[in-house]
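Next come the structures, one after another.
Both complexes shown next keep chain A, but they swap its partner, so chain B is in the first and chain C is in the second.
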Partner chain A sequence: MNLVIMAMILALLIPIYEAWKNDEVWQRMLAFASIATKTAIMALVISVLRDDWMIGIVAVIILSVGNAALMLLAHVIKRINDVSN
Partner chain B sequence: MLNVLSYTCIGLGIIFWFWGTSHLLGNRSILFKLHSLSVSDTLGSMSIIIGLLIKIPSEWPLLILAIISLAIWNTVLGYVLAYCSSSGDNYERE
Partner chain C sequence: MNENDLSVYVITALLPLTAFMLIFQVNPYHALVMRGILGAIAALVYAVLGAADVALTEALVGTMLAITLYAVAVRSSLVMRLGILKDLSTQGERQFEQLLDDLRIILGKRHMRLEVFPYTDMQSLDQALIEKEVHAVCSQRSQPQSDFEQDYAACENDKLCFHTAVRVQRLYEIMQAELTSPGNILTYVKPSGSKEEHS
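The block that comes next holds the complex of A and B.
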């Protein structure tokens, strides 16, 4: 199971590198969306690994609230782009 | 037998993750990346959670909730990102 966590951390590094490399706002939003989902799933795997419900509940909350926040941010960026054009 | 099945599901999920994020590195259009990313992230995460479900069935309500919230939120996030990023050129007022 530790190997699974290691592989997940590796899979997490790629979007982080992409977010650092790319400076276009929508590419970064894409990378952050991918990071958010991956970290939530990793927290879920760790909660099952330790057989602890609380971390699992936190992971599910991160999953839904994190994605909701990214949606709001996307709409805010869209409004800013509309106003600036 | 169950252990092998859960590890194959988790392995499949991780392969989906790597496949999805590999598209992120290429410099293709936003929508192409978004499509491959949201498909692979959602399906990969779902197979990982199913793998976890097989491994420890005692926490099934939590994992079912995770699968449902993942299916809804990830697809809607993909849709919102596609809508917001591609609406820069046409000016439709909602």
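The block that comes next holds the complex of A and C.
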């Protein structure tokens, strides 16, 4: 079970590296979306492994709220590009 | 937690990693996205360490509310508002577009945006500068004032001559140093409305 978590951490490092290297803001937003979903899924897996439903509920809420935050931020950044052109 | 010890340490090590990525960002919008990433990792770390309530607060307030509010704040503060006359862009289209493009490049180096506000006549344009509705005004003066006769003589061959008045000192310094468009006269206007100096 430790191996599953370690594999997920390795998969999480890929978008982190991408967010660090890429200079375009939309590429970073993509990496952010990837990381937000991956961390929530990792918390879900850990909650199942530990049989801890409190962490599981929080992970589900983070999974849904993370998408909402991403949409809000993407909308504001899109408006910035619209106004400046 | 014994069998998961190593993975917990590795997950916790992600937090300072993303924090360093955040503080080395220069562009404020990129930094906001990195703050979102940091928030996601922090929520994971709190959840793994057993603080489910803290993780929920971090996700709701730290990630969602904070970056949205900061995005709105950065968007409305890192902007230069330029007032122009409505018919200016039709009269001297090419040269004026060139001037705006130069200005956008200079402001873009400092992660700022340029917003153009059209006004109908000269009076409302001057009034907007005095009442701090805009940071700078750009106009095409037909009758040269005595102060600027030399400057106008310099660009007499070129009929299109723009006069840009800036009321923010730092913006004036930046534009004076880097804005080298031909046929543009730059002046600094003190907030009270009295003209101080010109170049």
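Here is the rule we go by: the second predicted complex is superposed on the first by the 85 of 85 C-alpha atoms of A that agree within 3 Å, B and C clash if a C-alpha of one lies under 4 Å from a C-alpha of the other, contacts with A are read in each partner's own complex, and residues count from 1 in each chain.
FYI, contacts are C-beta pairs under 8 Å (C-beta built on N, C-alpha and C of every residue); 3 or more make two chains touch, one makes a residue touch a chain.
This is a predicted model, so every value here is computed, not measured.
After overlaying the two complexes on the shared chain, residue contacts for A:Ala7 are found with chain B alone; chain C is out of touch. In the superposed pair of complexes, A:Val48 makes contact with chain B only, with no contact to chain C. In the superposition on chain A, A:Met29 makes contact with both chain B and chain C. Of the two partner chains placed around the shared chain by superposition, chain B is the only one that A:Met71 touches, whereas chain C remains out of contact. In the superposed model, A:Val58 lies in contact with chain C only, and not with chain B.
Residue overlap on chain A between its contacts with chain B in one complex and with chain C in the other: 29, 31, 47, 57, 59, 68, 70, 77.
Those residues of chain B that touch chain A in the shared complex are 10, 14, 17-18, 20-22, 24-25, 30, 33-34, 37-38, 41-42, 45, 48-49, 52, 55-56, 58-59, 62-63, 65-66, 69-70, 73-74, 76-78, 80-81, 83-85, 87-88, 91. Considering their complex, residues 4, 7-8, 11, 14-15, 17-18, 26-27, 29-31, 33-34, 37-38, 41, 44-45, 47-48, 51, 53, 56-57, 59-60, 63-64, 67-68, 70-71, 74-75, 77-78, 81-82, 85 of chain A touch chain B. Chain A contributes residues 1-2, 5-6, 9, 12, 16, 19-20, 23, 25, 28-29, 31-32, 35-36, 39-40, 42-43, 46-47, 49, 52, 54-55, 57-59, 61-62, 65-66, 68-70, 72-73, 76-77, 79-80, 83-84 to its touches with chain C in the complex. Those residues of chain C lying in contact with chain A across their complex are 3-4, 6-7, 10-11, 14, 17-18, 21, 27, 29-30, 32-34, 36-37, 40-41, 43-44, 47-48, 50, 52-53, 55-56, 59-60, 63-64, 67-68, 71-72, 75, 104, 113-115.
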